[in-house]
Amino acid sequence: MLSRNIETFIGCESEYDEASIVIFGAPFDSTTSFRPGTRFASRVMRSESFGMETFSPYQDKDLTDYNIFDGGDLELAFGNSRRALDDIGDFARSVLADGKLPLMIGGEHLVTLGTVEAVFEKHPDLHIIHFDAHADLRADYLGETLSHASVIRRCNELIGDGKIYQFGIRSGDREEFNYAKEGHTTMRRFDFVGLSEVVASLKGLPVYFTIDLDVLDTSVFPGTGTQEAGGVTFNKLINAILLVSDLNIVGCDINELSPSLDQSGASTAVALKVLRELLLSLCK
Amino acid sequence: MLSRNIETFIGCESEYDEASIVIFGAPFDSTTSFRPGTRFASRVMRSESFGMETFSPYQDKDLTDYNIFDGGDLELAFGNSRRALDDIGDFARSVLADGKLPLMIGGEHLVTLGTVEAVFEKHPDLHIIHFDAHADLRADYLGETLSHASVIRRCNELIGDGKIYQFGIRSGDREEFNYAKEGHTTMRRFDFVGLSEVVASLKGLPVYFTIDLDVLDTSVFPGTGTQEAGGVTFNKLINAILLVSDLNIVGCDINELSPSLDQSGASTAVALKVLRELLLSLCK
Amino acid sequence: MLSRNIETFIGCESEYDEASIVIFGAPFDSTTSFRPGTRFASRVMRSESFGMETFSPYQDKDLTDYNIFDGGDLELAFGNSRRALDDIGDFARSVLADGKLPLMIGGEHLVTLGTVEAVFEKHPDLHIIHFDAHADLRADYLGETLSHASVIRRCNELIGDGKIYQFGIRSGDREEFNYAKEGHTTMRRFDFVGLSEVVASLKGLPVYFTIDLDVLDTSVFPGTGTQEAGGVTFNKLINAILLVSDLNIVGCDINELSPSLDQSGASTAVALKVLRELLLSLCK
Amino acid sequence: MLSRNIETFIGCESEYDEASIVIFGAPFDSTTSFRPGTRFASRVMRSESFGMETFSPYQDKDLTDYNIFDGGDLELAFGNSRRALDDIGDFARSVLADGKLPLMIGGEHLVTLGTVEAVFEKHPDLHIIHFDAHADLRADYLGETLSHASVIRRCNELIGDGKIYQFGIRSGDREEFNYAKEGHTTMRRFDFVGLSEVVASLKGLPVYFTIDLDVLDTSVFPGTGTQEAGGVTFNKLINAILLVSDLNIVGCDINELSPSLDQSGASTAVALKVLRELLLSLCK
Amino acid sequence: MLSRNIETFIGCESEYDEASIVIFGAPFDSTTSFRPGTRFASRVMRSESFGMETFSPYQDKDLTDYNIFDGGDLELAFGNSRRALDDIGDFARSVLADGKLPLMIGGEHLVTLGTVEAVFEKHPDLHIIHFDAHADLRADYLGETLSHASVIRRCNELIGDGKIYQFGIRSGDREEFNYAKEGHTTMRRFDFVGLSEVVASLKGLPVYFTIDLDVLDTSVFPGTGTQEAGGVTFNKLINAILLVSDLNIVGCDINELSPSLDQSGASTAVALKVLRELLLSLCK
Amino acid sequence: MLSRNIETFIGCESEYDEASIVIFGAPFDSTTSFRPGTRFASRVMRSESFGMETFSPYQDKDLTDYNIFDGGDLELAFGNSRRALDDIGDFARSVLADGKLPLMIGGEHLVTLGTVEAVFEKHPDLHIIHFDAHADLRADYLGETLSHASVIRRCNELIGDGKIYQFGIRSGDREEFNYAKEGHTTMRRFDFVGLSEVVASLKGLPVYFTIDLDVLDTSVFPGTGTQEAGGVTFNKLINAILLVSDLNIVGCDINELSPSLDQSGASTAVALKVLRELLLSLCK
């Protein structure tokens, strides 16, 4: 007898019980202030993943050698940010309770807050490594405190000062850059210089790793809502990911792909490679 | 001395004081459940309007002969539907207080509720004529009561049963069609048959007129988020608008253009023609 | 415990055993002579189907009231037409053996031959109703006898003269039109005139129903590889489908959507509506 | 020995000496006031023509049965309208001198003036039948008298009042409509009503036939720079062309396809069908 | 009372009298020989600018701290190059007469000539720094001397030999490269090597600075009509701009963005960042 | 008398007899496993080539100084790989028999096998230099041995072990990388390190040079069916080509451009530059 159509990220076909990593999509973009569309990222990435090899020539490892479960996409109501974050948090909590690592595919960057809230409950000494073009440190955006432009500020308020390390930042208003200078976060503009020192200093500590893909240069990754020239290359991002994966990663996400903005599909292909390398780097 | 760059819909260059009609944009699409993007409608329409003639060969009238003011776009926070509706309502209220007719350009259809709330305060015996592919009569959408899929239901609850006339409807769940059958609204599926009778029956009463452009067939208007085949032609829509404009229109809107979904620009051109004919039909 | 991500056409979530209809995709376009891309049709339709209502205002029926199983997409090798057809035939044979109705989503039109071969084994008195812009009656295409441009010719050779009824045809070379005139098939150009008589004459006989979506006008359905102006409207196609569904349909397919050619998504939305109405018309 | 790569419109492979019709492209769009791009029309149409059948099911005729020569595209300097028109006129003159019928593919509509000037020299009693969405009767456009928006005005001034018959017009400023009302031209708005009477009255007279493809509805033909809703269907246009072709056509053109505005390619496919039917209707 | 809708480049909201820099658009592309479309650059950039931050992390400066006036777009007739250049020159002259710095947004590169003519009247010892992929040194293009491909040749004839410094050049015919070798201009191929020496040598002299954005690599900036691989990165361009801004800049422009060629919007985002950094570097 | 429209790659207008290099297109993509469309590469490149200069600032050479013949595109049946390869081989054989160098424009990479078979007959000691993102070393793809993913494996089986040098490889399954490690081919991952040594070792030997353009980074070349991040820059590829052209090249090809995937046209422009530099480097 045939079973109903199953579709997972390629190489992520493990059953839940056997899996050490759980991928899930958080298709939410209600607070996006410029071009929306990241809600389709996880769906399109999953669908396009069958065009990607499971083997990495960077790490000489293969996804099919590991146990990864694809939980599909959460069903999130648009227009109610707090409820969406709660639903995300609930899912992450259950994954964490089962001793598995949650890897979320956004969605706009605000979704990070939902998973971070869940992870922080389990790991009160949480640190965050944040790759992004944008500081995401606004107090609010047109009065809304739950906004993609404020998500790291909210995380900072949650986990405390000095625990967030930002890399690749090249856009924000003056107040955001000042907020970092005041010591709330540690911010590196434009690139990953200093990352290995940060990694060395965080050895053993629980780390949440959030990658806003617009940290990549717009030439590499035009498929995102707010494009910022002057970003890093794909190879630099992969190297930085391999560096970070040495740490005790207790939760992570990739976000801000907006597939329809890049009709060539190249941005989706890039996001999938980043996902593959991140997954393999987390599989010990 | 040069003044700063002014950009209005073509032919809508009147000063506020002289104007009898006030156009404004409501760029909001946070509750869109499928493809977002209607937030860009008013901006793109305004910009593209310089490619349209101000003269109508349908009505032998010219926009430049009337006084229409373009109030620009409201600045609405994404991710907070209630606040966006309140901001819309406040603007409409001030326009109404000055004795002018508000004509709103959406945005998703939910924005209609903001203006209807303002108009209803002034006209307690308000009726609504609603052109749309979708019934928009859901009790809620994934638990959210403020949703583009529920907006006419909310209007119905606000102004009372039997006062809403829906035309062109060809999509909805079974409950929505049943809701109409139960008499809450008067619904005509697929086309405008019966419209002239409705217009005759509403003579003299205050009427809000809301046009969801997806009432048009997808061949005519592919540039919308949730496309429904089997709609009306452009000529049928224009004729219906001319019919309705005989009534005592006290507020109106056009919504659901999502310009980037139709890269040819044809959907935007269609929306602009609808706007021109609606404006001219309202100018007596 | 969570189960792996299941993705089906909306409203087609039945288990195989309970189902009376089995949908499956045949993603093959190797012989397409102009613009390829129909291989992505079933995948994209399935993914986009969550934006469609399960309720039909045309038939007042709902997909969720019936038992339809989605078998996913076959894995077909590109570049070997005969093997692809055999794999399609094998799947259809097993569905037929279980007493269920196969409904295939192409792919290019050649895939029809695979299912027809399977159906013909079970129903030697098979007749075919064929909606298309193209005659598909070529002896061969650049020497290849297995070609999308020859598929109805192959079907004709298989099931015999006088058993195929073609409607909407408006493109072909002179020989194809002559081939029909010689009586091999019954061909109606441009529209569906005469369809009800054909349906009346076929009552009780086993009928295979194949719909090349390019029978629709290019304005309605630009998303196909070889676009032919002058086709039928959506409403005419739906009416024709409802007419045909009175017959003893023993197999059917919808084909030639090429989603990436219509970036608005409107063609996919149209294809989904056609699928919904076809499914519901087959559910008694 | 191999000869260099020859590319012609499909079915237009005759040598010049044997041909009765000469097709040529006039890739010019310098005065386009909104979206340029018609310069690519002839090139793209020629390239895409290999996807079209040479046989017409409308006329039961085949391009391969007639002698049509494809002269390629003229090389026209951008930014100098008068010189471009002179180069067009020179080419048309040589075609006319050889007793052949020139059929020009625009380009923007201004190119019509170049060929009309040449044809008028040979046929001083020239009449013009003009299908278009736009009146093209402006005195000038921002001071330029050689403009796509003025081309029929210029033709009128050249050949005299009362000799131009316009159909399908649905856009222009008030002065253009008044200009027609004053009797300079005979204008029919929106459709082809009255065409058969005009054709009857012009029997035997030399007629130039110019088709601006935007006379088609935007649903059928979005691929044009200034899109006007409310146009005619493909079938109505074909019927009108067949009607006109009974006349003594001494020159003709098709213009205003802007292929990149319709990435589906459907507009180009429509233009090619119009060209095929026009060509076949001219082949007696 | 409400005022009509004002739209300016973000952060350029100063009144004219207070401004030291005046931005204006020159939407002209009539002589473009390949793909037109740069006429939309200033309009689209202005509209998209609301998605950009006014603060620069490169210079730690903010547009809102300076007085910049946005004069909107000039209304230029298409198809008459000389008149368009005169209109541009007139505007630039009035800006210069008021002691302000003109910053023009093209349009095709030919528009540079209009502003250079105005600037040269005021500064007879004018020098030009020219960033571009193309030499733009043709004597003429198909006979037209006013062409985007000849603009620097015309500037050279106007201001004299040895006063133009070209960087990044990687396309042209042999004669153009020879023309530079003969000493008419100083040309650096491919990159900015030698720029700091040039800047040192020009200290104190009046300099016009013209940036054809296609100096950027096509990966960074695909949204331009004639794309040339092998260009510079965004960071290299920004560094070069900061270097040049030390000079006595008396006029400048950015040109050749063709927004619709890059539907992701990334090229427009890049152009806006270049504009922001150029503006801030000019604000002392 | 006018001759029929001739269209060749710009600068490739030589007669066959005088030519030393023969360009031809092999428009075939039937075995493409992901996104098809490379069949349009040669056609679109030829058409767009008129926007490219014939002069190279990299080599200070001009295409118009050499004799290159453009043989147009082969007419290849889709869906029959063996026959397509035979037709390609026959054409290449006749070119080789006339003492000319064949330069093929794909199409998918499988077409390489057709020309290699022809070249190998003439040069039994053939070596191959292969630039690609993909190893193309699969034994078969879903059972098909003639596949774009197996083409270098087939070449290896034809010409023997140790004679193929692969550069830039960054995608494949584990078996492909192992196959190379076993010594069948010499594979360099990611870049061109070691190329000069390989070139030195092959001096005087007959070499076939095949360039899959997806060796370029996706930022430079998104217009290809299976996009792999992390590739080389345009400048690195040009330098590598200049290095290889010192060898005794007896056949070569460029393949895997899929023009419609990059609607900006930038990928086609890149492919044309690669073609120009390759051609000029082969012209001694």
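Per-chain numbering from 1; labels A, B, C, D, E and F assigned in written order.
The rule is short, and it goes like this: contacts are C-beta pairs under 8 Å (C-beta built on N, C-alpha and C of every residue); 3 or more make two chains touch, one makes a residue touch a chain.
No experiment lies behind these values; they were computed from the predicted model shown.
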Equivalent interface to C-D, taken from D-E, B-D or A-C so that over half of the residue contact pairs match: B-D
Most widely separated chain from chain E, with each centre as the mean of CA atoms: C
Same-residue or different-residue interface between chain A and chain E, half as cut-off: different
Fitted rotation between chain E and its twin chain F in degrees, CA, nearest 5: 120
Where chain D and chain F are represented by their mean Cα positions, the distance between them in whole Å: 41
Overlap residues in chain E, where contacts from two or more other chains coincide: 33, 35, 217, 219-220, 262-263
Every chain pair meeting the contact rule: A-B, A-C, A-E, A-F, B-C, B-D, B-E, C-D, C-F, D-E, D-F, E-F
Touch list for chain D against partner chain C, complex: 51, 53-55, 57-58, 60, 62, 217, 219-220, 234-235, 238, 262-266, 269-270, 273
Contacting residues of chain B [partner chain A, same complex]: 29-33, 35-37, 39, 75-81, 83, 141-144, 146-147, 260
Chain B-facing residues of chain E, complex: 1-8, 13, 15-17, 43, 46-47, 69-73, 263
Interfacial residue positions of chain E with respect to chain F in the complex: 33-35, 169-174, 177, 189-190, 217-220, 222-223, 226-230, 261-263
